[in-house]
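Okay, so chain A shows up in both of these, paired with chain B first and chain C after.
== the complex of A and B ==
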């Protein structure tokens, strides 16, 4: 038996945040990962709440939480935890040299790869747009890069802003071997390629220019962003990107480092296959470590295994969804599994674990099932993060609350 | 290949259907990062393997996969990406001829046996390798001359073991030294015996064990590796019947015995045998958890850095060596956490893969340079070779630190 104080199951965004906060609270914390978390599909932007029920962009995300349906996890997490978790995150990122900007009471607008706006609450410095007044936007296209079309982005932006929008194409990575992707281009930039970008953009460089790059400014921290900003007179801004998301990978890298330095013990390739419970207490969880089974006991277990996509929830026959570690009751509405409208709220997205206000799992009657287990992130029921844009917001605030002692 | 054999290989292959194209493996594959020649783990593994197995179609960049297993470690859906690649490589070489280079790199054990059969064989072999390197004999067959071939120790571990006087005990383990410890780095095996003796265990060896097969799997000698698996599994099951566990200090050997045999060949006996195999520090950590590990450590001076081998990370047991070494009072060791070393067994010895191998290792070398430790500690023999080559720092196995703390 491995005795720990806190065991976090799942190494995605909510799992890492919960582990970092637990370790910083002085708890001996183990983080069990099976796979590297959904970071390559994570924009790394912290959306608290982008859109309301009528699909309108909300003005003040924290205020708008009040109007969400009763079952929404934000009501259980609470306004205070949403606010404090954002402060915690901003401070952590600042400390790690990867600063974010923003607040939970207003939106910032990030440029997407196709030249539209996306509202978000906490945004990495490289994606934060300056005031557009009196500025020209130059979209930087990269030769051979198939994940980004500078002309399309420029055309879409022209419809949305008063500023002049142009695009230019520069040559970075040599076009050879495999296709150029955002990922390979970001790595090229990180390994000195940013200087090539500076040389190519110098003739267009001026104080009133905003250079809008595809998401290629490195995959570790923001050194490339800082170097470009220093070398160019114009402002440097990145758009969102295609998977694998460079910014998602930066976020993972920064959080892993923060976790190590906080003393989190990270166990990779550890497949948690079940739990041993006694009454309302989980005694230990069972980990399939190759052929050997290992047991981890803890005062608190934090479940961050994700939804159907990540394997935290599982269903074979559209009858009974299962939670794979504790076999917790899963809240779902059989009559509303999918909606014909692709952009409507989908029943399978609302499916998850119901909890009380401490994020302990409850059954259909609202009775706590396990006292020393907390549910975070996409394991929670009652929200469709794709539709309302709240994924990382719920992940962050629930992780923060679950790791409060 | 018999139908029965084909059916067994289905299991790992079938995991291709679990792939949801999330790109985690692409984002974390060190070879993909190092070279644009490799089409990448997702494309070569789950996507293309269907064509290989159905139509014998070969993805030409399959050759770049080093079987480091980072794809499998980072896959959230349990896809056996690297295993699929090794099965494809094996299938390819069922119909194509191997090079002399691959034959040499896959069969270090055979060479070792020849060397040990001659008087002063090790000395002459080492001298021969130096001369061979200088005359470009290795590069002529496609082995890089930019790094030294591992030198033979004056006496193999098995030879030294004969002269170790042990206190007998009812508590016993069988040591699986593996080729590298046996031929090149027997001190690790000697330290293991010392540590087990301190903990009241008697160490046995088994002359019938053969090379675990890892170097054969990566060079596409799959059927030969399968034969080795049968030989070792039969012995391990015999020890299992007697209630004596088999323990290895080399993490690639232990991964092979514990996981890769049944993942590659899918036989029930291999799974049963695997249950009786432990990595050395996994075993010691188990003792610690039961309160049976001798924790009377003497201080060990110096500043150390730890590199976790990919083949240990793939085992899902965390970093047990760090857990135990951290119990030594005042012991200073920092986890480098800088990814794959790049050597991947015999991969970095191939002339056409040397540059890729060194590029993969760059982050690790840089991190070692930043931390400037007196010594780098690592459970894997080939990682240690690569670290010594890339950083010029002295290296050792964690069991050697533990043995020192017991003195």
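== the complex of A and C ==
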């Protein structure tokens, strides 16, 4: 039996944040991860709340939380935790040399790969837009690059801003008939390729220019962003992109290092296959590590296994979704599982685990099921993070709260 | 004013068959279709080229027609038919008496039904239920309905046969008891205009009744909805039919890397209704699992439905109604020049076309004989052309592209790939569609929206169901200059919404995972509805 004070299950954004905070609070913490969470899909933007239920962009996310439906996890997490978790995150990122900008009471806007704007609260430096007034925006496409079309992005942005957005196409690597993914381009940029980009963009470079790049500015830290910003007179800005998301990978890398230095014990390839409970207490969890089964006990278990995408929830047939580690009750409305309109609020997105205000799992009657378990991130019930743009916000604030002692 | 001697209404298998036959015999013919080709029942079915075994007991005339047409279509539609063969299997629970009738029916209809030992049957189809008590091999095959219809149109074009998609019939002009012309509307732009014609052929399938009403005629058609499931695996290597009285959920047809199971039979009011319901899926799964017991362990790719246009005869509905076809010459009701063809099945589309074309030719005093049974729809891509192209195509993409494109377009695409390595980029990995092929197809006159390109290339119809290729397709289509910026995101949404339609009724298992990802990408990361910056 491995005895720890805190065991975090899941190495995605919420799991890593919970582990870092636990360790910093002096708890002996283990983080069990199996894969890399949803990071390859995660833009790395911290959206608190982008849209209200009528899909209008909210002005002040923290303020707008008040108007959310009763069941929304933000009401359980509380405004105070949302605010403090953002401060905690901004400070952490600053320390790690990967600064984020923004606040929970206003929106910044980032450009997306298809040429729309997206509101977000905390934004990495490389994606943060400067004031557009009097600026010439040029979308930078790369020859042979897949999953990004500079011309279409520029045309769509033009329709959504009061000026003409241009595009240019630079050649970095010879194409030679193979597909260049965003990630391989990002690697190339990191290994000196950024200098070729600077040369190619020199003729267009001026102080009033904003160069809008696909998400290719390196896969670790923000060295490529800093180097480009220094070498070019114009501003350098990245858009969101298709998975694997380079910025999601950078964020993961930074957080892993922060966890490491905070003293988190990171266990890789740890597949949690079940839990042993006694009354309302989880005694230990069972972990498949290679051919061996190991047991971890803890004073507190933080469940950060994610939703359907990450595998924390599973719907075998159309009868009843299952929570895979503790077999917790899943709050689920069978009559509203899907909506015919793909972009409407979807019942399967609202499906998850109901909790009390301490984020302990509860049953349909509201009674706590396990005292020493906390639920964080996507497997909380009551919010469609895609529609309202709140995924990383709920992940961050719930992780912060679950790791408060 | 635009003119055509004959106008054919409906771009399903029957309509394109008539278009080709008339064009080959030298008639001046135009086909109009209100959506894209085969947007009705001709693409919303099993994709089964019947051997006739299904009708051997109930309707031997239909069975005979099937086996004859089956033999013809294999010959003329080489790149549309997968000649995989089929099996009829009887389960313990199926009545034994039916088997003898069926064997006799096959014999008299001319269908070769070879008895298999159980050992042979299980070797051919290892996943078959052990409750199978007898099995026969029959010459069933899989057929790509969309490709076959497209190739009919291409072949017709060589003989001057014209086609207008997204063109809806809104009015039929008549004078002194004769058809004189029609009014049509471009469904994309709303523009209306007249076309002069002397013969109007109503081949609108489920919409035949509505078309006839425009001329004040009554053609009672009962749309009969069939729901089908596409699995993401090849569950069987042959078409597998239950050897019993035709019923729901008793045919499996493998196509490429998927398998289609169907179907149900339900009378509906509106042929546009292609909705599906989880209960229908459950029904199909529970019946299907009698033949393949591990059926539920396979991922369902999507669910879809189409409606059979059954000609209404009093007292016969659903499976009781005839699958045969009917030709009506409305001259008998006082409107010369108007004809309707309704009913039938995909397998016999060519024969149906031949019959009605004979009648039309008689009216037009055309004496040419029908040649649609002899002349191949398109020529095949030569072995030499494939050998030359091999190094430019992704691994298994060569054969796929060759069958999709046909010789001329294949050569053009090969040339682009050879000269411009950038065009070798894969827009759709599941179906191995290169940017060069995408551009070749997108550039065609009949491609207006991303979904038109999908039907002609199979873009987005594979494992990822459009998740990864949707954004690329929108970008690549925009680059061709045929898509305006303001429409690009609306089309992207439309494409994703179309994929969702087939997934929504079966959102379970791995599909929930896929869907959560698709929404996280397009709604969250790309903020597809994102408006103006203030």
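In this text, the second predicted complex is superposed on the first by the 400 of 405 C-alpha atoms of A that agree within 3 Å, B and C clash if a C-alpha of one lies under 4 Å from a C-alpha of the other, contacts with A are read in each partner's own complex, and residues count from 1 in each chain.
The rule is short, and it goes like this: contacts are C-beta pairs under 8 Å (C-beta built on N, C-alpha and C of every residue); 3 or more make two chains touch, one makes a residue touch a chain.
As the structure is a computational prediction, the values presented were derived from the model and not from experiment.
Trainee: Are chain B and chain C a fit on chain A, or do they clash, once the structures share the same frame?
Mentor: fit
Trainee: Just checking: does A:35 make contact with chain B only, chain C only, both, or neither of them? Give me first, second, both or neither.
Mentor: A:35: touches chain B, not chain C.
Trainee: Let me test your reading of the model: by the given contact rule, A:183 touches which partner, first (chain B), second (chain C), both or neither?
Mentor: A:183 contacts chain B only, not chain C.
Trainee: Considering only touches as defined above, state whether A:269 meets chain B (first), chain C (second), both or neither.
Mentor: first
Trainee: After the superposition on A, what does A:171 contact: first (chain B), second (chain C), both or neither?
Mentor: Neither partner.
Trainee: Contacts for A:309 in the overlay, against chain B (first) and chain C (second): which applies, first, second, both or neither?
Mentor: After superposing on A, A:309 lies in contact with both chain B and chain C.
Trainee: Which partner does A:294 contact after superposing on A: first (chain B), second (chain C), both, neither?
Mentor: Only chain B; A:294 stays clear of chain C.
Trainee: Determine how wide the angle is at the CA centre of chain A between the CA centres of chain C and chain B, giving a multiple of 10 degrees.
Mentor: Once the structures are overlaid on A, chain A sees chain B and chain C at 90 degrees.
Trainee: Which partner reaches more residues of chain A, chain B or chain C?
Mentor: Higher number of touched chain A residues: C.
Trainee: Let me test your reading of the model: by the given contact rule, A:371 touches which partner, first (chain B), second (chain C), both or neither?
Mentor: Touch status of A:371: no partner.
Trainee: Kindly classify A:243 by the partners it touches after superposition: chain B alone (first), chain C alone (second), both, or neither?
Mentor: After superposing on A, A:243 lies in contact with both chain B and chain C.
Trainee: Would you sort A:94 into first (chain B), second (chain C), both or neither based on which partner it touches?
Mentor: After superposing on A, A:94 lies clear of both chain B and chain C.
Trainee: Nearest approach of chain B to chain C by C-alpha atoms in the superposition, in Å, rounded to an integer.
Mentor: 6 Å.
Trainee: Considering each complex separately, which residues of chain A are in contact with chain B in the first and with chain C in the second?
Mentor: Common interface on chain A, chain B vs chain C: 38, 41, 176-178, 243, 309, 311.
Trainee: How about chain A: which of its residues touch chain C in the complex?
Mentor: 38, 41, 43, 47, 50, 55, 57, 109, 112-118, 132, 143-144, 146-149, 151-152, 155-156, 158-161, 175-179, 240-243, 245, 307-309, 311, 313-318, 337-338, 340-343, 346, 348-349, 385-387, 389, 391
Trainee: What residues of chain A sit close enough to touch chain B in their complex?
Mentor: Going through chain A, the ones touching chain B are 1-2, 30, 34-41, 176-178, 183-184, 187, 243-244, 249, 256, 260, 265-271, 287-292, 294, 306, 309-311.
Trainee: Applying the document's contact rule, which stretches of chain C touch chain A when the two form their complex?
Mentor: 278, 282, 296, 392, 417, 421-422, 424-426, 468, 471-472, 474-476, 478-479, 485-486, 488-489, 492-493, 496-497, 500-501, 504, 506-509, 512-513, 515-517, 519-521, 523-533
Trainee: In the complex of these two chains, what residues of chain B are touching chain A?
Mentor: 20, 22-24, 26-28, 33, 35-40, 72-78, 255, 258-259, 262, 271, 274-275, 277-278, 282, 289, 313-319, 323, 335, 337
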